[in-house]
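Look for subunit A in each of the two complexes below; its partner is subunit B in the first and subunit C in the second.
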Partner chain A sequence: MTLVADMPGAANAQGLSQSQKAGILLLAAVALMLARPILPDAMVRLPEWAIPPLAPMLDALFNFIKDDLGLIHLTRFLTGQLEVLLDATANLLYGKRRWPNLGPIPWPAIAAAGAVLGYALGGWRMAVFAGGTFIWTALVGQWKIAMQTMSVLTVAAPVAFLVGLGLGILAWKYRGFDRVIKPILSVLQTLPFFTYLLPAVIFFKVGPTAGAVATIVYAIPPMILMTTLGLRKVPAEVVEAGKMSGCTRLQMLTRVYIPAARTEILVGVNQVIMLCLAMVVLTAFIGMPGLGAKLLSNMGSFKIGNSFEIGVTIVLLAIMLDRMSKAWVLKQPEHFERGTPWWKRNVYLIGFVGAFVVFLGISVLAASLPNVLADDLSLRNLPGYIGGILDEVTRKQSLSNGKEIDTAIKGFLAIDGIQAVTEWLRWFLNVKVLIPFRNAMLWVPTPAFILLVMAFAWWLAGRREALIAGLFFTLVAFSGWWDRSVITLYTVISATILAMMIGIPLGIFASRSERWAGRILLACDTAQTFPSFIYLIPAIMLFGVNDVAVVFSILIFATVPLTRYTIEGLRTVPPEMTEAADMSGASRLQKLLSVQLPLALPTMAVGFNQAIMFAFFMVIIAAFIGTQDLGQELQRTLAGTDLGKNFVLGMNVSLMALTFDLIITKWAETRKQALGLG
Partner chain B sequence: MKKLTTALVAGVLAMPMTAFAADSDDPIVIPIHNWSSQIVMSNVVGQIFESMGNNVEYVTTDSQAVYESVRLGDVTLELEVWEGAFGASFRAALEKGGLHDAGDHDAVTREDWWYPMWTKEACPGLPDWKALNDCAELFKTAETGDKGRYLDGPVDWLKHGQERVAALGMDFVVVNAGSAAALWAEIGAAEADKTPVVVFNWTPNFAEAVWPGEFVEFPEWVDGCDKDPSVGPNPDALYDCGNPATGYLKKAAWDGMKDKWPSAYDVLTRISFTNPQIAEMAKLVDVDEMEPEEAAEEWLAANEDIWKPWVETGS
Partner chain C sequence: MSSSSTSQSSPVISARNVWKLFGPSPERYLKSMDKGMDFEAIRADGYIAGVRDVSIDVHKGEMLVIMGLSGSGKSTLVRCFSRLHDITGGVIEVDGQDIMGLSEKDLIALRRSKMGMVFQSFGLLPHRTVLENVAFPLEMRGQDKHTRRERALEVVKLVGLEGREEYFPRELSGGQQQRVGIARSLAIEPDIWFLDEPFSALDPLIRREMQDEFLRLQEMLGKTIVFITHDFDEALRLADRIAIMKDGAVEQCDTPDQIVLNPATEYVRKFTEDIEKARVVHAGVLAEAANGHSLEGAPVSAKASIHDLARLLVEDGRAYIPVSDADGQVTGALDRAKALDVLLGSGA
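On to the complex of A and B.
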């Protein structure tokens, strides 16, 4: 508790301004750093004996809950239930030999039904996109693995939706429950996904069930938050109207509140689907078959081209699901005149079933047609080829071009100009920037480091945030993983700073014209939905196994929210402000620097916050390149049964991420109020 | 055709099987990891079991965590237990109980410093380790200064590269990759302009087919090199030898397998693959781009004389 001893200096200074108090903390930190040569070792790093054996204690606790309280019996029972559901979707989608033994549904039937659904939700463009995505998946020969992924998604997303909706309603009804659940949700949202995986395996058996559970838990928090948000916003008049018509309590909920909160709930659904898809891919690490597993094994045997094709499939699926569920949010329920015939009310349903049945029949008939191999494909036998693939696309019929893409990517990376640039960047960043920065951060004594973080928090946010920041980082120090935590933080900060240098100018540039804004936002969407670990291989090939590759792979993810929110922030600057600037004769640069950017800053802060969260997420995955941070240790725990250690490591990441989240959110709020932006 | 084989095999098995209780109808769960030879081998063995009338199911699992799953019976067996890579996890699970050693393959495994062939052109004295050390400067990178860089496997593979460099006084800096994929990416990047690299590698492995190369010859492994400083050329240091050139490749089985699927268990103990066979399996997937199931079918069709005896001599 060396910290408390340093605190009085700050506590005495009651009458000072926020930044002056922060300055005092900063001075204390600097003093400690200057005194480093004469500091006792215990002040530089916590001595071994002061670190409580957290991991073994947690292990004992987990074992007690698991075996003595019998939680394992409950979870294994649930595993059984979940397995029935998963087996059923697995049978329907890719023909696993389980009840109901009907599948696999031929791909054209699913593609046709998907296209009709797309039409119902978003018109022709959506129909073409949905159908096209399914056709692409089938043609490149990934139908089966994509359906393995979808079979888990079709179970996990509805379960996450229902559980999230239920908990959200509870949190809305009961204040106390809300207060308990809020902090838990914040932790869950910042916990690295490796921490979800291990308990899932231990409690829910290796394979799809564990994957589904990890996915569900990962996707629930935003659903809860959106549900409570939506229900709170229901206007009082609507509630009055419901009461006047004599609704029972259940009717109030199902007929009044939930329909009125429809938009927020559907936004929640959209997030559930997207998070499920992201997680389902990552659960390959604990043995979930499907696109993620194939991607991992392709990377393990250096098939870049095939990995890339799988990446494209995942992006297409993600964008399709995202656009469809967003279209559902926008689409208002249709109301029909009394007496409209049944078929007219349900025209899309009939279309959906009809398309499904027709194409099912076609593919059953097509099963007996001869197959034309992809190698022999020409314009003349195209009809024959199409006939041959309508039942199933076999490997020799698929149009995958893995090897060609391989050659193209390797050729691109070998261009002299690119090599020279990356070689220089690698030298400059590593030798001149990153390694000195890392050494400097590791050099700082632990108490000084904590004071620095507190000073930062006090300066930007205030006393409460500074105290919480201090507490969180002290906990990290007592976890016994200080150095690794600092290295994690160093990577996150380096990547975020570089991301700002790229993302913000890009956003400023894009916000100047609608066309460019649209293009760059689309690029952002794509970069973000690309499965995160696909960036690792090109990063290594460009920069080698070192910190530059790690930072580079994080950079891609961290730049996206910065660009997005810069565009968003600049676009929403009130026009009267820019007009005022124009009238007072400000130059373009002046207008940007003194009017637009300051007004956009609170929104940009949200992007900055997300960038940091993404960086914390990605730094853990970057352990695959080779790091010495928390991610490396976390990855190691996955191989074993060190639940306690896994949890401690995960909490460290979470505590650091939460500190930043807290500070930046508070700052953005205060700024917004000060600027009168609501 | 497949039905015919099934009938034949079942017929052959019918007689000796009377000695046992029949195999359970529950699926035999075979774990699959993220490298090709293991996936194909698992499919080969799975299809052999299926031809005997068993149900088989595959699950993808982590290659270290799998021993815990075998122990609990969540998966039934493991076909590739590498001495160097998984020996520790295997022995740990063995001590806890629940799984056992189901015999060795003929194949031997080797893991050590390795270089792709083009490196030899720049440093002709290879594969001798002293020659490698004399060329250390060829392997330098931006971060390693004048010293050469050796890219070791992930830290948790415990390959003691660092210790060996110190024990033999080599001018190398050891950098740990985070995954096998990172090793391949480095070799792949070096391939373009034939940059010399020296990395951790092992055999049997698909990489042999993609990038021909050789292991560096260190002072030969002597028992005790990792425990007794006096063993090996440097009298004061551990790890002053190369790794054993002939490590084991084992099979492991869940203790309950013997009673639940006696005939399948019997076949499992007799299964044994050689290095060329394993390399061939990997090649079918990595170079010929087949799907693992197809590759297994192809291998079984082409090698009946190898696997039929395992099934037929059941007693």
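On to the complex of A and C.
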């Protein structure tokens, strides 16, 4: 291949700087592009015969593991265990007819208990927010689907937590295990979600079990990382104090290490919960009922109002879960004076159980009252009506205004001025920017493309990264999905560039005043808790179903980390340096360009990296809108049993994402060291 | 330097030619290396000498202060005594038992029954209250809830933290946190008490207060103590004997008076240069044998420092002043001229 032929040339050029070597690669790529008309076809795209039959080979391998090695028996056994748990929560939360046959728990009892928990963790505001979220969910008539989602979450999150904690402890204890698991984790974190789904379906049956398994697997990696991080950070003296107190190894772990790593472990819990929520919503793609499925079908039939309402519910649930688990991280134990009575020490627990029992009783009583419909509502049978609501909010009683919102939104978007803007934007982006860019990327011969990526890697990071980048993209070329990979990459790059044009100026603006920085950071924090699926709603609302909507949804998703890290980067510039710039008589712009931005760049790069990772994630989800990239193919595999193809497609996404991750992380590290920012 | 024995009984801790090297394969390196190599030469080979050929004894009821600058190996040495670090070479015996030969179980048993340690940044468990922190070693020992609570309350009272039993470490000041650390180390009534720069993280005023507190406790308990500090004044205030370390080796180990009067190496001399010797040196140490001198007049106490006696030394006309021990028995004669030299600095 060209790649191999070009390498010695670049490597022989000793004494050249990093960017000169990158320049040589760039020149080679340009030469190839110029020569495109005379290049043989095999140099433009890999010919069919050169592509190894990866998918069938992988299929055979999977089948061997599944049937001949008997993995399927193990997974089916696990499925049984998991199913019991899932059925139990399903019964309790929305009354599925399974053991223990107690449910459904009436919604007021859950709302009341949630409010008390909110109060215990974060005071009155959290109590109102938690209670309010549950009340909203019930009143708009989404209680049942929300509980379908929650019933999986309440099983997946604890299981992911326990498995993650266990593996985290192993990785901390055994260096070898850590070394094996680290690269696997980084692949797992870049693997598109659809790649988790299909194996889950094949090994764990369709439905909630497969959804729960995919969700659990997706949520485990950050828990592992946070656990090892926390355990490594336990101060040496605390460890020594434990040893000198005569702890055995088990006592060291359970009484010293784990409690002392509490903060990191709880941060891990927060991440597990948020990832689980985001994923449970996405399991709609394999037909799991719940909020995600409802949202999917509503968006599919362009019911914007209903989609909007479900979006609000998901967002409220996300914020609630995030805030409550973060409040738990920050919550420090408070001491009680000696002699405080038992009930006072456990006042929250009593309140929690009490509120639950009281509202459970009220709801059960209310359910026994004769049910009254809204039509013959009068003062006399008001108790019956309210009683009915407390038992279950039926469709007629719900305050859902889906249709009205739908009309309002569609009416608003149909206003000439608005429509003109969205129409023009759609036209401009599509015709002038996106399509030409895409065509250009598709035009580039494969070897030239790989050289370009390598040049980029060499320029920013170095030789090792350039070689890895070249290897990864060569693998993509040999997977036989080159064009679709390039289209995926094109969507990611154009969305990220657009996101930079919005996010970075916004961040710079916000960081000029403490107040605005605080507000925008809060907004970013909140937006980052939303399940990614939510971002499709405004995109479809504004642009309908096309390429622009795809780019737009990625754009808003990717703007969040860019803005956030720009603010953080600028805010962490040491004050002595800005003061020195002021005293040197720099103007505001000069100070920004030659002092603040250079120092903030390494931090901003972290945001840029996250933006790209988010974009790779979102571009696959956006297949739902209708794309021509890897995501589309991936989504198609979900309907069948093409495990090999599914895996190949997923690896392509992962390889491209990892390349960027590697390059940008290395660059940020080198910069940070050069600037002495630690 | 070997220590000058201060007591006839067998030592509680006895270290013989102890080495602690950090690096890729320290045991093999130690075997192959030339034992006379200095710190820099060892470092050039890629190893850090935490402890370099140290031989030292600690006797029952004695307070040995190990002092040196940061990086001199004093913390490493004390961690070798408690086997928080496994030593690379040499022998450490505690109560005649080679601690490197102990199984994990026996080591845990030794720590549970005989050793207590106090740490520079306290090393408290953040999720436990004062009482639970103090009771922690008892809990590890498997004592029942009631007795360990009783004992913990007792020790908390001993260190003056009554009324704070239910507080969490972060709710306490630095001085109070270290009191918790001290209480925890005393909970199991250890025979050997290790203190690793216990007061270094505290403000100077609090530090002084804690030193007084510590002396009060020691008066009461009479433990065998290994105390680490980088503060010479602190060392002089507390020590029976001082071991001065540099680059992992002990430069000199002796009583404060001897270290000030007869520094063994140039490093120790420089170290003690700025010390006001009159405050350190005691009459008993300067005294010569009483026979041959005609002694008259009131004796001075052997325990009095030259600084305490300053006025008397200047105003008294006697060439030799009798020195008496605690019982009032005259044991020696203090050469006034020599004492004045120490006081005025021209003699040393």
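Criterion: the second predicted complex is superposed on the first by the 620 of 678 C-alpha atoms of A that agree within 3 Å, B and C clash if a C-alpha of one lies under 4 Å from a C-alpha of the other, contacts with A are read in each partner's own complex, and residues count from 1 in each chain.
Note that a contact is a pair of C-beta atoms (placed from the backbone, for glycine too) under 8 Å apart; a residue touches a chain by one contact, two chains touch by 3 or more.
All values reported here derive from a predicted model rather than from experimental measurement.
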After superposition on the shared chain, which partner residues are touched by A:324: those of subunit B (first), subunit C (second), both, or neither? neither
For A:207 in the superposed arrangement: first (subunit B), second (subunit C), both or neither? first
Quick check on the superposed pair: does A:293 touch subunit B, subunit C, both, or neither? Answer first, second, both or neither. first
Report for A:625: first if it touches subunit B alone, second if subunit C alone, otherwise both or neither. first
Which one hits more subunit A residues, subunit B or subunit C? B
Figure out whether A:25 sits in contact with subunit B (first) or subunit C (second), or with both, or with neither. neither
Partner chain in contact with A:427 - subunit B first, subunit C second, else both or neither: first
Name the contact category of A:419: first (subunit B only), second (subunit C only), both, or neither. first
Let me check the overlay on chain A: which residues of subunit A are in contact with subunit B and also with subunit C? none
Which part of subunit A faces subunit B closely enough to touch in the complex? 97, 201, 205-207, 284-289, 293, 296-297, 299-304, 395, 402-403, 410, 413-414, 419, 423, 426-427, 430-431, 435, 536-537, 540-542, 544-546, 622-627, 632, 635-636, 638-641
Within the complex, subunit C is touched by subunit A residues 235, 237-238, 240-248, 251, 255-256, 259-260, 262, 332-338
Quick check: in the complex, which residue numbers of subunit B touch subunit A? 31, 34-36, 39, 55, 58-66, 68-69, 74-75, 89, 141-143, 151, 154-156, 175-182, 184-189, 191-193, 206-207, 210, 285-286, 289-291, 294
Contact set on subunit C toward subunit A in their complex: 79, 82, 84, 108-109, 111-112, 115-117, 119-129, 136-137, 139-141, 165-168, 170-171, 181, 184-185, 188, 194
